[in-house]
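Here it is: the structure, laid out below.
In order of appearance the chains are A, B, C, D, E and F, and numbering begins at 1 in each one.
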Amino acid sequence: MKLVIAVIKPHKLDPVREALTEIGVSGLTASEVKGFGRQKGHTEIYRGAEYTVAFLPKVKIELVIPDDLVERTMETIRQTAETGQIGDGKIFVLDVERAMRIRTGEIGEEAL
Amino acid sequence: MLCFAHIGAALTLSLLLPLPAFAQDALNSGDTAWIIAATALVLFMTLPGLALFYAGLVRSQAVLSVVMQCFAIACLSSILWLVAGYSLAFGDSIAGWVGGLDKAFFSGVTSDVLSGSIPEIVFAMFQMAFAVITPALIVGAYPERMKFSAVLWMSSLWLLLVYAPVCHWVWGGGWLSEMGVMDFAGGIVVHATAGVSAIVIAMMLGARRGFPEQVRPPHNPGMTATGAAMLWVGWYGFNGGSQLAADGGAGMAIATTHIAAATAAIAWMAIEWIKFGKPSLVGAVTGVIAGLATVTPASGFIGPMGGLILGFTAGIVCFYAVQIVKFSLKIDDSLDVFAVHGVGGIIGSLLVSVLALAVFGGGGLAEGQTVIGQLGVQALGVGVTLVWSAGFTFLILKVTGALTGGLRVTEEQEIEGLDIAFHGESGYDLGR
Amino acid sequence: MLCFAHIGAALTLSLLLPLPAFAQDALNSGDTAWIIAATALVLFMTLPGLALFYAGLVRSQAVLSVVMQCFAIACLSSILWLVAGYSLAFGDSIAGWVGGLDKAFFSGVTSDVLSGSIPEIVFAMFQMAFAVITPALIVGAYPERMKFSAVLWMSSLWLLLVYAPVCHWVWGGGWLSEMGVMDFAGGIVVHATAGVSAIVIAMMLGARRGFPEQVRPPHNPGMTATGAAMLWVGWYGFNGGSQLAADGGAGMAIATTHIAAATAAIAWMAIEWIKFGKPSLVGAVTGVIAGLATVTPASGFIGPMGGLILGFTAGIVCFYAVQIVKFSLKIDDSLDVFAVHGVGGIIGSLLVSVLALAVFGGGGLAEGQTVIGQLGVQALGVGVTLVWSAGFTFLILKVTGALTGGLRVTEEQEIEGLDIAFHGESGYDLGR
Amino acid sequence: MLCFAHIGAALTLSLLLPLPAFAQDALNSGDTAWIIAATALVLFMTLPGLALFYAGLVRSQAVLSVVMQCFAIACLSSILWLVAGYSLAFGDSIAGWVGGLDKAFFSGVTSDVLSGSIPEIVFAMFQMAFAVITPALIVGAYPERMKFSAVLWMSSLWLLLVYAPVCHWVWGGGWLSEMGVMDFAGGIVVHATAGVSAIVIAMMLGARRGFPEQVRPPHNPGMTATGAAMLWVGWYGFNGGSQLAADGGAGMAIATTHIAAATAAIAWMAIEWIKFGKPSLVGAVTGVIAGLATVTPASGFIGPMGGLILGFTAGIVCFYAVQIVKFSLKIDDSLDVFAVHGVGGIIGSLLVSVLALAVFGGGGLAEGQTVIGQLGVQALGVGVTLVWSAGFTFLILKVTGALTGGLRVTEEQEIEGLDIAFHGESGYDLGR
Amino acid sequence: MKLVIAVIKPHKLDPVREALTEIGVSGLTASEVKGFGRQKGHTEIYRGAEYTVAFLPKVKIELVIPDDLVERTMETIRQTAETGQIGDGKIFVLDVERAMRIRTGEIGEEAL
Amino acid sequence: MKLVIAVIKPHKLDPVREALTEIGVSGLTASEVKGFGRQKGHTEIYRGAEYTVAFLPKVKIELVIPDDLVERTMETIRQTAETGQIGDGKIFVLDVERAMRIRTGEIGEEAL
């Protein structure tokens, strides 16, 4: 099994979720994160004082999938999350050794 | 106020309105109704108005500490006002510099004693609301870094040594009122005293960690705007109530007040739009407060035109005052108490001598007084008040520092935030 | 209001109360006290009431922009009201269609001039508070997608071309008041004008991204409820103050107002409970506002029974109006200004002709007027107002669009949110 | 109130003030202005004051449900007050225990009927605001775990079976007022009834999941402080308005009220500082409310000294009452309605017999009444009220439980939070 | 060393934390996440407009532990976090190459 | 490529971000987390009721870097995030199998 971590633009979360369900992904976990990279942050000015906000709001999705689904998952995410603008984000893949479904105790791919 | 508002009222009411004969020597239930309502409005300015206005501007880890400081100061000031403050301000004058203790604990202020056309107890409570907000204004100078115990000591001493005497000079029949100083609702008594003291405190206390580059932006501008709106509404009671009657004078006071607030906000927005390309909400509401502080001493003496002029001036001058204090002088008067309230109050206190003229739609100066003459009195009043306030604030801080083992919190406490460090609470627990 | 409220007052006070002889020709400090307080209450409705009510309903990325729009409109409207608006509405009538400029800059409105039993300056300020909230109501039509510059241009022109004239027709002695139209506190002048204009704007501006399926739910219903509560309280000043006196008529106006608000909220809750299985807070407070808007034109003419009937009607009709506009007509009048204020104001303006009858506990129609006759006048008033408002709003938007290079923000700005895009601020910084 | 406040007013106004001859038999516009404003202030106490005060103290998953409960109770109570409540409380007395239905639907309460120097409709609305807040106070006993339907049934029955009768006994000319009980603004009628009922409900409903160790801390203390500040300001109308006139008596009532609030807050802070090492904002504002509740029955009968004494007592006694109820008795009266309101109201209702004496600056007891005698009357009034309230609340809960198939929500619903489970909304959507 | 990632129901965080401390886990990091899976989301209705909330509030805990503790850790989490209801969550195990304690610079298992 | 996960004190986020940019890190993702470990939490008291807050606010940063940058990255984070006080946090390193830049579809180290 693999853990796919994708950092995307917040308004792309729902489209990506829907696209992934269609290719048979059973579940995923999302969290709000702050991203720093090539995309510039913005500056806020209060009473003349400038505050540079280096981090931009992003959403991180994490999903564990069977090895054979990795290709399609990455492709799906890429196509759905892409806007062509700088700041679209990244996809990373890590290896997962074990998985378990808490409710049933099932392990391995059954747990997904 | 006592003295001048009455002349104001007189000017206003004289002749044209057929006054019920007993107007000045019997209870007027209409006037009383308005001043009681005005008292509620002025209390509303501090709690929750000012508390929210300031709390929204700090880091989320200090939001509660700011609200707490406003509450604690409000409670302490109320008690001190009852015990001695009211008497020091409005008791029998000792050489025009301070009132005696004849009214300590409101003695003699029973429900059937009148002050003008309203019960004196109503007047005393109206004044209490002023004594509550003035030291609370100074909270904006020292958020996120002053010990709570120091805040309490300092504010208490300040109320008795700075606010009460100056209030006596101007409204309690003291030397300035003898000279005919014009301060309708507190440009000198409230805003000048608080403003200059704020600067002194900010300098003695030192800046927040990371000031000016690294400080966090306001954590909740919507909260600040909510507070500003409440201050605006409450200011109707602050300025309109200072007429101490429900009449055309009070009506004109709220008119000039409202117009100045609106104009100053637009001016501030315009500057930001031009300078930074975007007008901000925090900027707009800061403009509102600048306009309100500036029109305060003049509100009952001028006309709508005067309101426009003061508002416009306030928006521009206070905006640049903020830049100078923070970025040229590098003084961390964190929420700009001096630049907004101090500078505003001073401008208004001086310009009233001109704008009170009939040509500007004002009620005119006192019998036989000239603009220059009046301006001199105003300048003197402002000057002496600034010196007195700065001097005593300095001394008070020295004493307080000694009493509390230093005014300032530790760096760890400042990083963790005063909410947890000093009050054992956190502002927002929005998680599951 | 001027005209009718006075008849109302007359009806009320006549005979039974031994009136101080000078009631109508001298200052009444009690009436003045109430109208000054009422003015503060009406200002409180907009700032912070309406601002919070609306701001809680949008995405968190646009919360500040909504508050900012309310503040900016309040400031602009105040200045414009001083400069020309008041005079266009209450100056010497030009053929009954608009007032002259004789009262521009409040000229002649000195603190010693009376309007009925209160100073005219107080009346002018009370009316200013109405001129502040009416264009602000329209903010609900275009949040999250209209350029700030366009908001300012449109609101300013709207105040002068739509609000001021209609206000003159109904309250300024214009042709509708000549015909005896009944609009106690603004069903026609405030709610009908704002409501229909909102629909026009929503159609010309287009819907929010993703409307209707993809729009985000209200980001802070508690903020919305807080604003609604403030609107409710402030409405006591709005309707009760429109009596322009502190008497039984004012008392009855707040009674009918309160009852209508409570009834409408219960009706709305009931519908949601039945239709969706759960009554929501947003629904309940929307019902409150629907009831308040609906009772506004009738509040001083009807009795408690009338309040019950209007409230019940408002809760049901406005609920379905929302569904029709949003889901049948697919018009993104985002915060339902038309369905709640427009529809409510129209219902109330028509039903008053019936509910004002003594059988419903009302004060009765004017001498010799019949229900049918009155209904005709009301229908005519509403009809002409709708056409005028819609027509001018259309023109104003065309002009504004030209002036600001399009009314609408870019898609990027809409996605990022107006707070950062147009004001360079973010609403909540609650992190460490 | 009716009876006693008038004696109060009498005491106050007698002799020293030259009263306009028609004072008691004609409309006094000043008194009317103040009572209308006071009515708005009391409504403001519940919406949004109390709603925010309570909502900030619960988990973020139940914030909306608390606000919703306050709104729904306010609406229901208003209608019930119109339909029958007012008449049950102030209609022709049936053997001194309850009023008849002669005033049902406000019949006979037209805008031209007076009650003292104000229109009866104004009095009826002022009283409605009391009928709105009293059942809403009880919300603090059962947050996060009571079915919404049960809340509505219980509150409605409670208003008619507990509030209305007790209100009649004390203010409606019932047996307690015959005996000369002193309850200026509701120590018995409002706080004792609500407080004891809260305890009964808390015991019958059971504690929140995980009480006492595992309950979540207040999710938004700043919201709670904002509500507390609004309650404080609104209390000026609650106590000051109970004088039913704009005079020195009203002024003295707000003075004692304010002083008690400030003193109690300081006392509470001091205890926390000593016991826990840190004074908290939640503690300070709880002290404020304790002081306000405690001074309520006495406010118009005592002087500033009395306010100091009551405030100090309230701060200390209520603090320990909270500890006893929650940690000794282990009763989850979640937001401490009994410990703060109940205990406070009882203390004040008893101590007034002493503090009303002239030596404490009070207005004195009724002609020929002794402290012991008065104390007896007060104790009797409190005692009977507690028994009646507890008994009927018990019965009402039994009936309600039967009607709603159990009072309590399921564990799943409690974990998920009432906002989503019962209203289909979530309190904060601050994410992107 | 292994990184154990568990997604659980929010109200189970404290019980799990306590249970883990008992079996000798020295520390962990938790974060609020939004979960999507078999468990249905809910719908919110505002003024008649339906909003389907697909994501449910969950808590993610991450802890790095010595290899020999993996079994017991997974068991402990499963037992404590289980309610038997759908939506109880998952446990995933990944391999960790290096660890360091910032304060001391200790590396490897000493860092935990 | 490696995934470096560091849990640090919140006020150290900006210094760490700046230090990392200097050594050539192209981007990173940060999130607010709650940490439990040796460092004691605090207790809050409301109306006499004690609430022990076991978790402390921390910030988690995640960055994927080329293998050769791991040493310097860890050192940089350690030096910048260290205060010497308990609670400074941890650094963990995991292996990353694949990476992709959503905007361009670039894969591997080019994606970073």
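Basically, a contact is a pair of C-beta atoms (placed from the backbone, for glycine too) under 8 Å apart; a residue touches a chain by one contact, two chains touch by 3 or more.
The structure displayed is predicted, hence computed values, not measured ones.
**Student:** Name whichever of A-D and A-B has more C-beta pairs touching across its two chains.
**Tutor:** Contact tally favours A-B.
**Student:** Suppose each chain is reduced to the average of its Cα coordinates; what separation in Å results between subunit C and subunit D?
**Tutor:** 33
**Student:** As a quick test, compute the distance in whole Å between the mean CA positions of subunit C and subunit F.
**Tutor:** Comparing mean C-alpha positions, subunit F is 52 Å from subunit C.
**Student:** Could you put a whole-Å number on the gap between the CA centroids of subunit B and subunit F?
**Tutor:** 46
**Student:** Spell out, as numbers or ranges, the residues of subunit B touching 2 or more other chains.
**Tutor:** Touching at least two other chains: 28-31, 33-34, 37, 216-218, 246, 276, 278, 280, 282, 424-428, 430-432.
**Student:** Enumerate the residues of subunit E that touch no fewer than two other chains.
**Tutor:** 11, 14, 31-32, 44-46, 94-95
**Student:** Chain touch graph shape: choose line, ring, star, complete or other and state it.
**Tutor:** complete
**Student:** Where on subunit B does subunit D make contact in their complex?
**Tutor:** Per the stated touch rule, the residues are 22, 25-34, 36-37, 39-40, 43-44, 47-48, 51-52, 55, 63-64, 67-68, 71-72, 74-76, 78-79, 82, 105-106, 110-114, 118-119, 121-122, 124-125, 128, 148, 223, 246, 422-432.
**Student:** Applying the document's contact rule, which stretches of subunit E touch subunit D when the two form their complex?
**Tutor:** For this pair, the touching residues of subunit E are 11, 14, 42-46, 53.
**Student:** Within the complex, which stretch of subunit E touches subunit A?
**Tutor:** Interface residues on subunit E, with respect to subunit A: 2, 5-8, 31-38, 54-55, 58, 60, 70, 74, 77-78, 81-95.
**Student:** Which of the residues in subunit D come into contact with subunit E in the complex?
**Tutor:** Within the complex, subunit D contacts subunit E at residues 214, 415, 420, 424-426.
**Student:** Which subunit F residues qualify as touching subunit D in the complex?
**Tutor:** The touching residues are 44-49, 51.
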